[in-house]
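Below are structures written as structure tokens.
In what follows, subunit A forms one complex with subunit B and a second complex with subunit C.
And now, the complex of A and B:
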């Protein structure tokens, strides 16, 4: 699928990952989900294109943040559709991509 | 009579037996020397000598190379193991203190991020250099590592309302840590076997 939009997390959202929910403080996974991920993902699905998630420059990658954003998206929309409309980029630490994909594929697991 | 036997008959019989044996074995083995040497014989001798020296050296080099390669692989495994152990010890200390502060959460977060970077390099190196039989365990190790990261940076550890790591979460962290070490040992076994 063609990439027509890029979400640079460090530039648009913030350069530091928080925890899962709003209660856990700033830059939570849920905040990222509500304000950036879900709207951009929905547009990508409607426009039938892929959204590139650029993780480079984003400090930390706790599972609570990833499950609060990508895990939640997977629970809501299903892993298959999420993975077909999302592409990831993280040259500095490609393991972050593996982790995100693992959470998307296993959103229920802790 | 005894004197005759001891000093005359016995030496005479011994002498005759010796001469007889000498006559029999005189032509054994039976071969003749040809003092004309062909140039191919010279090469053949040099080649035989070369092979005699080269093969043991080659075998020794192959053994040394394998030993060095295995030593590098073990070093990589130990390096990753040590990094994991340091983080796990820190988490264990936090659990034992029955108190987790914001700086502890940040530290765990940073260290897990760095470990992820390290794991990426380590995994690529091992996949390239390990025997094929270890590939399955390397993939399992990746899953175990992700599960370890998942529980160690979960909301139960770094959530803002969390004041200590509870027993259940710590038990799961320890289980995942053990699973990782189990895979590391299996990879070591495969390296030794091949």
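And now, the complex of A and C:
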């Protein structure tokens, strides 16, 4: 699927990852999900293109943040459609991509 | 019409008033005042109790001399509970690690500990330890008569809003990374650990979210490239938190748990779920454990309730004294 949009997390959302929910403090996974991930993902699905998630320059990738954003998206939309409309880029630490994909495939597992 | 006070009527009245005032003055002068006797709002005068000197163990290190340091704080707590002011006497210590300083600061600032009784203190006599103590940032958190020593290589932060603070976590990373690696490059394991331990305190230290503050202390050893991190809260401790108690109720009876040390494995495996019980939750401590394996962490210790665990070697010690709270200590070191 062709990439027509790029979400650079460190520029658009902030350069640090928080925890899971709004109650946990700033920059939570749920905040990222509500304000950036879900709206941009929905547009990508409507426009039948892929959204590139650029993780470079972003501090941290804690389970609570990834689960609170990508895990939640997977639970809401299903892993298959999420993975078909999302691409990831992280040159500094490719393990972050693996972790996001694992949580998307297993949104309710450890 | 103007009154003529020299007439006998006024002379008689003034003499009578004057005599009455004189009687009252004499009465007041001879009165013995006994304050508040018989009053329902009587305030008992508090007798000032003598200051109790609590001598710190020679090896003042929670991570290396856990039982003795816990006994030191336990003794202090008992005196404070009885209304005695105390003196934390660390003058005779022979070794000192930053985790003990961080814990002493947190205890001094903890209202549940000091109970509004005075806490005095001193510094080590040993010149090297005194230097370390001055650099630790301790004096930024206590009242002192002299000037407050500047501590450029240290970061101590107390968060009172009880939240996860990503920007502070970034700052804390940079403080150590600049010292250890002379770099500001993102190091995810360190950042993730900080976020997860903050969230652990926020979610699990008390009966309700955000009940307890957390403390973060970073000490950059001037003569080495080692950064020493201490993160602690004085909450109920991991094994007295709701998720662990619930796990013990469900599983403990089946497998015959006799000590909290048996819970380390399920805790690190993510089997002890958060209070929501949802399967995707409760992965904070497992992530801390996973990240602690990174070779940049020279040492990684967790102390909570009656358990001490070296997360690098999985050596577990059962403690006689209970540590009410959770403390993580790790060292960031270049290969």
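To be clear about the criterion, the second predicted complex is superposed on the first by the 110 of 110 C-alpha atoms of A that agree within 3 Å, B and C clash if a C-alpha of one lies under 4 Å from a C-alpha of the other, contacts with A are read in each partner's own complex, and residues count from 1 in each chain.
Here is the rule we go by: a contact is a pair of C-beta atoms (placed from the backbone, for glycine too) under 8 Å apart; a residue touches a chain by one contact, two chains touch by 3 or more.
Values in this document were obtained by computation on a predicted structure and should not be read as measured data.
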Legend entry - Side-by-side fit of subunit B and subunit C on subunit A, or clash: clash
Legend entry - Touched partner set for A:30, first subunit B, second subunit C, both or neither: neither
Inset, instruction - Check whether A:40 is in contact with subunit B, with subunit C, with both or with neither, and answer first, second, both or neither. - result: neither
Legend entry - subunit B versus subunit C as contact partner of A:107, first or second or both or neither: second
Inset, instruction - Considering only touches as defined above, state whether A:85 meets subunit B (first), subunit C (second), both or neither. - result: neither
Inset, instruction - Based on the superposed arrangement, let me know which partner A:71 touches: subunit B (first), subunit C (second), both, or neither? - result: second
Legend entry - Contacts of A:98 with subunit B and subunit C, given as first, second, both or neither: first
Legend entry - Which of subunit B and subunit C A:62 touches, first, second, both or neither: both
Legend entry - Where subunit B runs into subunit C (options 43-51, 133-141 or 151-159): 151-159
Inset, instruction - Would you mind listing the overlap between the subunit B footprint and the subunit C footprint on subunit A? - result: 17, 19-20, 23-25, 59-64, 67, 92-93, 96, 109-110
Inset, instruction - Show which residues of subunit B lie in contact with subunit A when the two form their complex. - result: 109-110, 112-113, 116-117, 119-120, 142-143, 146-147, 149-156, 158-161, 172
Legend entry - subunit C to subunit A touching residues, read off their complex: 163-167, 169-170, 173, 186, 188, 191-192, 195-196, 198-199, 202-203, 209, 269-270, 278-281, 283-284, 286-287
Legend entry - Residue numbers on subunit A that touch subunit C, as the complex places them: 14-20, 23-28, 57-65, 67, 71, 92-93, 96, 107-110
Inset, instruction - Please give the residue numbers of subunit A that touch subunit B in the complex, ascending. - result: 17, 19-21, 23-25, 59-64, 67-68, 92-96, 98-99, 102-103, 109-110
